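Here the chain labels run A, B, C and D in written order, and each chain numbers its own residues starting at 1.
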Amino acid sequence: MRDVHVVFQIDINCDMGESFGAYLIGCDHEVIKHISSANVACGFHAGDPLVMRQTIRLAKSNNVAVGAHPGFPDLLGFGRRNMTLTREEARNYVTYQVGALRALCDSEGIQLQHVKPHGALYNMAVEDPDLAGAIVESVKDFRQELILVVLANSKMQKVAEEAGLKVAREAFADRAYNPNGTLVSRRVPGAVLSDVNQIGDRVIKMVKESKAFSVDGKTVELGRVESICVHGDNPEAVKIASTISTALMKEGVQVRPMAEFL
Amino acid sequence: MRDVHVVFQIDINCDMGESFGAYLIGCDHEVIKHISSANVACGFHAGDPLVMRQTIRLAKSNNVAVGAHPGFPDLLGFGRRNMTLTREEARNYVTYQVGALRALCDSEGIQLQHVKPHGALYNMAVEDPDLAGAIVESVKDFRQELILVVLANSKMQKVAEEAGLKVAREAFADRAYNPNGTLVSRRVPGAVLSDVNQIGDRVIKMVKESKAFSVDGKTVELGRVESICVHGDNPEAVKIASTISTALMKEGVQVRPMAEFL
Amino acid sequence: MRDVHVVFQIDINCDMGESFGAYLIGCDHEVIKHISSANVACGFHAGDPLVMRQTIRLAKSNNVAVGAHPGFPDLLGFGRRNMTLTREEARNYVTYQVGALRALCDSEGIQLQHVKPHGALYNMAVEDPDLAGAIVESVKDFRQELILVVLANSKMQKVAEEAGLKVAREAFADRAYNPNGTLVSRRVPGAVLSDVNQIGDRVIKMVKESKAFSVDGKTVELGRVESICVHGDNPEAVKIASTISTALMKEGVQVRPMAEFL
Amino acid sequence: MRDVHVVFQIDINCDMGESFGAYLIGCDHEVIKHISSANVACGFHAGDPLVMRQTIRLAKSNNVAVGAHPGFPDLLGFGRRNMTLTREEARNYVTYQVGALRALCDSEGIQLQHVKPHGALYNMAVEDPDLAGAIVESVKDFRQELILVVLANSKMQKVAEEAGLKVAREAFADRAYNPNGTLVSRRVPGAVLSDVNQIGDRVIKMVKESKAFSVDGKTVELGRVESICVHGDNPEAVKIASTISTALMKEGVQVRPMAEFL
């Protein structure tokens, strides 16, 4: 009998480049050390052309892959407020933002790896096949090996896969899951976890067993997960990112940009 | 003695796609019939992602080439107010806007032909080598046969040519020229011409003799001109565009997108 | 037996001042002749400080009263797209906009008469007591005889009246009503009427009998109505406004600013 | 011979409320302890309606007077970039912003004390009588005892005084002065001072002797000064604010809101 040795590979992604003009936000220079893919804001919900270029440079010098992080045109709400767009609006807003970032990537000599919608655009697309379809249509337009990051086991994943898109399924190590596999709303107490040991255990389970713990104490099947989302908007979040990255490496899981193993 | 037959070729360019959301501006559907290149607004001074795509489609179906028309981030001032940007700001604002439009061109299956800065960005760059340099740097970044439209005989032309950029030198048939070859400020009475016969004569002189009439009644050497700029923001402007296009064709001048003969 | 003679009084309101910078929209100079109250956009969904002052002057010189027309911070969507704001956001966005307009009214020597929310803010508030409450709270803050315009028979009317606010109940002569008294969504064919004779008859019924025709052919009780909303965004709309105003005056109904009889 | 005892009174003002949505900037909660007047951003260059109300509350609970801090419509540039506005644009942009803040002050039950233009609007107005005139015109419109804060000894001061406006002349304890009394540009090394002892000495000289040290080592006559501007955008700035406030109080100078002694 042969000795089977499975090598687990995972990507860690984080939102970055969300500063705007004189406004600084996020601990990009810290968190960049613990991730393999950066979701770079594109100027609608956050970010500006200068910040975008600086963030691309930061990622490049840390061997971190770059993705576009398009959001709603709502800087005042940081893209976190639901907006009812038509399908055509959503599609073109995404293409515009991804195209702008891709041009800056070209200029810095790196290839754009992925697209991950931001905030309310992501949350609405997870549940709304029509909005997800608009995003999928936009990503397909780029006619290259652009990966769409989707919530593992969501309607958005289904829409993207049916359209033949290359997807990366992501899970959240510091977020509570509902029994049906969706994320517990941030407005519910306990939706966001902060115990680093607990988070470390959860992420290993997600990556090795494709399972999350749900709020009712049972386990939820997530299916295969290719990326773990971490946050970097405050020093505490950076600590969690570091915990996750360390826990994965200790377990022998290889942390690499999603494009390298998808 | 041989009979020498020179074929004159010229491009006619016009700003387009400057509507924004519910706000409609310009007579794009009329003026498109009289031009060969469309300068499409990119969302900073005017235009939005939907309007951009619709304008690309309009141009494509009329065999009109598409260029990017980046402007200052000043929708309220329609990009016509001077702003003091740093060189890095200017460069990245241009790359962002051109990249966004290029992505929409890709999606519609056409190639982006040129870049022409808008309003105050253009006027300031004509006089300011540093700002012109920022724009040139951005256009070079696109690593393709992207043409920069410059005012014939300006500092901006010089900066672009020294950087090895492919340029199209443009002249204005409906604008008065100063003796030194710059345009008379719009604030000066008589800066904008409206007599269609006079405009028709002027454009022939510009294209065939590389000369403009200056406000002091003398002629100004413009050097070779590859594009004539027309306006399409009101029915009167459309009439002038039509006059120019008709006058050129009557004289046997071929009106074609700049990329076809540059 | 005494001869009872009832004098009917009604206000006609219309959205105005929705131009923005170089972008002109609406037929304000035409429609102003047929109305008694102008809802002036306040810079969030439309309008800008210059347009606001010019619109106040236009209203003043036509003896038309001025109200604030606050909207969502969504110029790109003209305030017509639903946005999920917190109650505090909604309240402060309204106070900000109304305060800005009031200052310009002060400067032009006229008193601000009313507040009427715009587009999606209005439509959402009609159904959502919490959002309506935020608007009511803001209007109360102005500590003067500021009137809130509400859809007749709506939840918004109820919230405003319970808070002790002075309200003007409005009806739409050119919109179809559902059997329950709400407006038929604009997305439904037939939601917006265009037959001027039909509109003339409807408005008389609204004002004299407090009734509207519903889409199922029956009549809906609207309750007392103090203002009729007309539109002025295109020449056809101006014709309808003129029809309504003429029909009312022919029937002996006095058209006056709401503050004069409320 | 009588013993003459002069009581010096001075105001200390600081820019505040410059956060925007999710973007936090400034150390408002620290610096508020060391000042007597807050210049509250009004949503154009920084600030938003919620932040404005929160800042008014913060000022009120610290017995600090509130002023409006209008800026250019350039959030991306934080209002620090020169823009060429027409006089009418400038006037109405100021009225709009001051009106919005005044409404929030009304709602919180406090009176608006002053107006101080921000960043490039301030710097341009200091040198440009036409722009200063537009601001003055706007402040006069408010028909109340609104004070305009001006750079001591500037053209802006002259324009305001000639128009009969109540002015507060301000000086900068942590900025280097040119021999002609203007501020050394921030782009010049040494323009911003950081030695707290030196700053403490300078502010006493400004308040008690109406003099500043110029960069050539000589003293410049500032004329009477009623307010000292301090910064609060970083912990170091807060330390300077504290130094200035402490130095003044040690010397027996009373630190009070400008309206109390003007």
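Following the convention adopted for this analysis, a contact is a pair of C-beta atoms (placed from the backbone, for glycine too) under 8 Å apart; a residue touches a chain by one contact, two chains touch by 3 or more.
All of these numbers come straight from a predicted model, not from anything done at the bench.
Any chain that touches chain C and also touches chain D is listed here: A, B.
When the C-beta contacts at B-C and at A-B are tallied, the pair with the greater total is A-B. The centroid of the Cα atoms in chain B and the matching centroid in chain C are 43 Å apart. Centre-to-centre separation of chain A and chain B, using mean CA positions: 41 Å. The set of chain A residues touching two or more other chains comprises 76-77, 89. Listed in rising order, the residues of chain B touching chain D in the complex are 73-74, 76-77, 81-85, 89, 120.
Per the touch definition, chain C reaches chain B in the complex via residues 20-25, 46, 48, 75-78, 80. Contact residues on chain A toward chain B in their complex (touch as defined above): 43, 49-50, 52-53, 88-89, 92-93, 95-104, 106-107, 138, 141-143.
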